[in-house]
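There are two complexes below, and they share chain A, which is joined by chain B in the first and by chain C in the second.
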Partner chain A sequence: MTATIETPRSPRTVQKSRVNFEKWGWIYMRASGVVLVVLIFGHLFVNLVAGVGVKAIDFGFVGGKLSQPFWQIWDTLLLWLALIHGSNGMRTIVNDYASNPVVRRILNVALLASAVLLILLGTLVIYTFDPCPAGSPAELLPSLCKNR
Partner chain B sequence: MSEKSAGALAAPLPDKQFPTPKISAPRMPRGTLYRGREGMWSWVLHRITGVAIFFFLLVHILDTSLVRLSPEAYNAVIDQYKTPIMGLGEAGLVAAIGFHALNGLRIILIDFWSVGTKHQRLMFWIAVGVWAVLMAGFLPRQLMHIFGGA
Partner chain C sequence: MSNAVLENRPSVPEEIPTFTANLVIRRFDPEVDLEPRWESFDVVMGGTDRVLDALHKIKWEQDASLTFRRSCAHGVCGSDAIRINGRNRLACKTLLKDLDLSKPITIEAIKGLPLEKDLIVNMDPFFESFKAVQPFLMASSKPEKERLQSPAERARFDDTTKCILCAACTSSCPVFWTDGQYFGPAAIVNAHRFIFDSRDEGSQVRLDILNDKEGVWRCRTTFNCTEACPRGIQVTQAIAEVKAAILGSKA
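And then the complex of A and B:
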């Protein structure tokens, strides 16, 4: 094995074309944060404050919401932006406190895996969800259903 | 450099423009600019609320995914959110989200607003004030919904 030793005082060779992921992560936290304030405050108002609050939430309520493109897009944005924001924040905390490289690696891989899995699951649920499943008791279904 | 300009530089500063600051001895040890002050506590609270919201988010995506399974499964799980204990938990969750959101906006202002760092302490108290107003609006409504019957 041979090692290349640079001539003294030669210019530092850094890969210039590499993307600075930490910089983009930093920017992402702020950009997504602003959008999330609007999305989450809207989400909380509609689900917890308006009407009878949390007691209104059941399959009929969610089915009625998720059958509209407006709430589909709202919830998709919420899912992606919030979970990536949260996972990246947890990664920051893991990197701060997990001093053992093996533990750090395990925790970060677990964060990545859970984020990818839940984003896929959530997106699949939003777009393959049937608000009027056949054979379900009519009183549990949203009012838009024909089989109600 | 001419002798005249060098003399001007060396001349003592006028007392009116730069009066000697009067510093009284602190009654208690004050620590540092950061430790134990608004800056540190906003950081601590941002972390704690962030971790709490993250773990709720994991559970919340899973429980909402039950709509794909069956109306009965979703209703059975979501009914647990309507109990008094979970209702109080929701109040805590909203309190955590409210602080994290407002302090997050403060962090953005510190980073991007030219005088953000100068006003960071004031902005912390503004965030706490706005949070208190939001919670004063939300809490009675939430308690009404949980304990109001029906």
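And then the complex of A and C:
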């Protein structure tokens, strides 16, 4: 008589495929990092090197840029990607170094609040910026303004 | 025949140069000390001696209370991982002559695990995370015949089979130092050894375990583990391969 002994271990119950924040955070850091290299160096080149260089930057230069949809989208991407990238990086540092759970929570909430505030403020400025405020000296305004 | 060999030997054996090594050891006796303290020892050692030989000499000739782990003393068992001049090394594989003998050699227990006495730490947390990745072959077929594997399939995980579980990597990892929740490099290396084994059927289980908040994603690729490994395992690369495997799997 032979007895058959089945494998005693029951297989590990597979976890429900919940969204894994750490994994997506890790992927986000890589993906946004690649895009940010292009966005940041493009931003630096246009602002500091192209044309007359750094001397071109004044209210008119910024106003002129933010009145074009291309630069509005560029700056929005730069703002969102860089702030989320930076605050997620800070979050990992906080998680690595803040051993007290209360301190860790306070720092992470402060990080989240400041990132959300800065993103919303920045986005508001990009899309509601008026390059031609009424009653300003004409020589300071960008060339696209009617009242210049 | 043995006589012939003896006759050919030089009558005077080659002189091995000796030198004095100053070892500063971080001592801790839980029954006496509240805090660890540093104690200095001078030992006359030879050019072929290792740090472990110096520890032996201190224990046998100067202070028998010096406590450390060692078993095979030849870099196989992984018992004597300690921190030598701030770097995690095996005492039995570190030659004294390779260290800067003009300065004191600092010897301390590995970091991140609870210190028990002198150079001995509590390895339980380390082995708990090792066990958590289920480091054994999972196969549904009964072991009635050999499970065949091509040389290329074997080579895929060859590097991570070398692990001797000495904890030099895990206790050099700054993320492991923080709260001890991270699996640590050694556990991931031993998961890698089975994840990429063609005979194993449980790789998805291990990838699910390591796709955790405290899993592979806490690795910051500081390469401390690769630098510390006495077996030369490319630990950081193995962790990166597990990350890539998780991204490639359905999880």
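As a working rule, the second predicted complex is superposed on the first by the 131 of 148 C-alpha atoms of A that agree within 3 Å, B and C clash if a C-alpha of one lies under 4 Å from a C-alpha of the other, contacts with A are read in each partner's own complex, and residues count from 1 in each chain.
Basically, a contact is a pair of C-beta atoms (placed from the backbone, for glycine too) under 8 Å apart; a residue touches a chain by one contact, two chains touch by 3 or more.
Everything quoted here is computed from the prediction, not taken from an experiment.
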- Message: Output check: A:Ser136 vs chain B and chain C. Expected answer is one of first, second, both, neither. What do you get?
- Response: first
- Query: chain B or chain C: which reaches more residues on chain A?
  - Reply: B
- Message: Once chain A of both complexes is superposed, is A:Ser99 in touch with chain B (first), chain C (second), both, or neither?
- Response: second
- Does chain B (first) or chain C (second) touch A:Glu22, or do both, or does neither? second
- Task: Check the residue A:Leu66 against both partner chains and state whether it touches chain B (first), chain C (second), both, or neither.
- Result: first
- Message: Taking the superposition on A as described, I'd like to know which of chain B and chain C A:Gly86 touches: first, second, both or neither.
- Response: first
- Message: Touching residues of chain C toward chain A in the complex: what are they?
- Response: 134, 140, 174-175, 178-179, 204-205, 208, 211-213, 215, 217-218, 220, 243, 246-247, 250-251
- Item | Of chain A, residues touching chain B in the complex | 30, 33-34, 36-37, 40-41, 44, 48-49, 52-55, 57-60, 62-63, 66, 79, 82-83, 86-87, 89-90, 93, 114, 118, 121-122, 124-125, 128-129, 133, 136-137, 140-141
- chain C-facing residues of chain A, complex: 7, 11-12, 14-15, 17, 20-23, 25-27, 92, 95-97, 99
- Item | Interface residues, chain B side, partner chain A - complex | 47, 50-51, 53-54, 57-58, 61-62, 64-65, 67-68, 70-72, 74-75, 78, 81-82, 87, 90, 94, 97, 101, 104-105, 107-108, 111-112, 138, 141-142, 144-146, 150
